[in-house]
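Two complexes follow with chain A in common, the first pairing it with chain B and the second with chain C.
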Partner chain A sequence: MYANDVKMSLEEVIEETRDFLSEEFEVDRDLILPENSLKDTLDLDSLDYVDLVVLIDENLNIKLTGEDFKGIETFGDFYQLVGKKLAL
Partner chain B sequence: MSHRVVITGIGIYSCLGENLDEVTKSLYAGKSGIVFDQVRKDFGFRSALTGMVQEPDLKNYLSRRQRVGMHQPAVYAYMATHEALALSGLDVDFLEQTETGIIYGNDSTAASVVEAVDKVREKHDTTLIGSGAIFQNMNSTVNMNLSTIFKLKGINFTLSAACASGSHSIGMGYLMISQGLQERVICGGAQEINASAMASFDGLGTFSVRESEPTKASRPFDRDRDGLIPSGGAATVILESYEAAVKRGAPILAELIGYGFSSNGDHISNPSIDGQTRSLQMALKQAGITTAEVDYINAHATSTPVGDGSEARAIYEVFGGNVPVSSTKSMTGHECWMAGASEIVYSLLMMQNSFIAPNINFENPDEDSAKINIIPETKEQTINCFLSNSFGFGGTNSTLIVRKI
Partner chain C sequence: MIVAQDAITDYIPHRPPFVMVGNLVSASRERFESDFTVTNDNVLVQDGFFQETGLIEHIAQTCAASFGYLDREEAGQPKIGFIGAVSKVLVTELPPVGGTIRTVVTPLHQLGNIYLVKGESFLDGRILLGCELKIVVSE
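Our next item is the complex of A and B:
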């Protein structure tokens, strides 16, 4: 992940992810913590996962599919997936 | 068994105002909602004139999940319906526990379709359209969204009948209730306002090109009219059986006593005096009233040379030349799929406030309009009974008659 041609660390990507998830899903940013449930915190239903894929594409330029979310329970799991996709 | 059908709530979101109070003032003042839209000129429109509304921010009303499937038709319809339900004393808890239906008029979702398709062309991945597009793009978008938001349990479908959609939606609600199939139906019409929705209509050369004078461009029945002006927003009319309204102590605004309809079975865009006359006569017959009992006619007249002349002749043929007539499209422009519902709302506001809104810009009659009684300036007058016409492409005609109770 690059911002202004500077490679971002996983920590920086996580902070940015918290920003856009908080804004899009209208939840308190402080609730987006590694140990918290992705689904419950963001109140995701099956349709919302489609929008999550869109958000990740728009903000992090990563192509995810529904399959990628199998086994993802917490934000921590999700950040690991993102880090893996970004090779961070 | 036939049930009396009453109106217990109305709501409006239009270029004349964002609520009933604002719209009443605009109607009384004869204020035009028409503007010049540079976006349309740049897009390649022959005429950049349009009615315009502010895009409401629904964040204060609805959750993200409720909003993502909504584009202009559903957004505008939500605003109008929110107001109508409040006036009618209906809330979600009551609606969830009773059987209330929705039959809403809508006939396009052009902008949302274009936006979604453009996204796929850019990304080459349909997932990246997002989850809301399908619910924005289907023509039943208003019904899908409002029935979900307001937890409606009754009849639920969209009515598409071109520029008579809103009027027929009220007619269908009327039939449902009068036949005893529903106690309460939310009716109305929605019309998106954007270049994508109106480009093909503009291409027919039907719109006024009086761009130097936007507020004078819509001039139904006037000798020097040169075309209609598109517009939009949404209007909601809540219908209820008289018994159900009384039972819950709802405000009864008026009674819907007649619904006439017909099809021209002729040209796809040209009007028909015969078709319009049959619709008028059917509504009068069903209402069981004479022409002398109608105090006001809200005309369909859109400011096109051919259409207004036909309607003037049809009105003259059925009513003669005395009944007061005005076209509120002189102020709003043509609200298309919404018009049949909004014009019931406008006429009800006139009835409640005892005035006839003017047919602004009516300066010189032509041969047809000279025969009927067009009201060019606001007139103080009691309205006990009014009639509203709506005609659409494909030769679909609808006439509604409303009376004080």
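Our next item is the complex of A and C:
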């Protein structure tokens, strides 16, 4: 039960994240999949990462740093980071 | 005032005729403030008014001077920076020759060597221009 609650909470966060990333970066929501590349899918350059940090702060109240992005390749990696930051 | 106009080039890489910041009024990691008096010989004055591009450059140079000041205060050498992106520009009014602009810049986010800042310039308390800049500072 507890595990399901945690999973649902993270799932909700992931769905919300897909919504605002899709809208902000004008990318098909269906391409925002755990196995896909965060950088390539959102077509991020180094300046765009600042927009991503702002979006995450505004929507999820998480403050990310440059260090946080080390090792983040896919949306799956990114969701793990978000989950960790939210202690989910 | 923490840096007077006649010493401002010690903190920024810009040189006349492209110095677009006057006195640095204050600078902390949370807030920068400067002023600048528009002169008739300014290269970004047109038809008696300082243009939008000048206001944006002025905001950027306020950042440059403030980062330069803070770097020096923290025992480092001022770093070179440049404008990476300009967004959310809202122009309300242009300042005339002879007007003294007051500008407040607030750093909003930092990611590595990239800073997202919000800048607003005022004349006699009226807002002239607001924008966000991404400033990339060399490492």
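Just so it is clear, the second predicted complex is superposed on the first by the 80 of 88 C-alpha atoms of A that agree within 3 Å, B and C clash if a C-alpha of one lies under 4 Å from a C-alpha of the other, contacts with A are read in each partner's own complex, and residues count from 1 in each chain.
Note that in this section contacts are C-beta pairs under 8 Å (C-beta built on N, C-alpha and C of every residue); 3 or more make two chains touch, one makes a residue touch a chain.
Because the structure is predicted, anything quoted here is derived from the model rather than measured.
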First, second, both or neither for A:V54, with chain B first and chain C second: both
First, second, both or neither for A:E26, with chain B first and chain C second: first
Which of chain B and chain C A:A87 touches, first, second, both or neither: neither
Chain B or chain C, by number of chain A residues touched: B
Contact residues of chain A, present in both the chain B and the chain C interface: 47, 50, 53-54, 57, 65
Complex interface listing, chain C residues touching chain A: 84-85, 108-109, 111-112, 114, 116, 134, 136
Touching residues (chain side chain A, partner chain B) in the complex: 24-26, 43, 45, 47-48, 50-51, 53-54, 57, 63, 65
Interface residues, chain A side, partner chain C - complex: 46-47, 49-50, 53-54, 57, 64-66
Residue ranges of chain B in contact with chain A within the complex: 59, 63-65, 68, 123, 125, 127-132
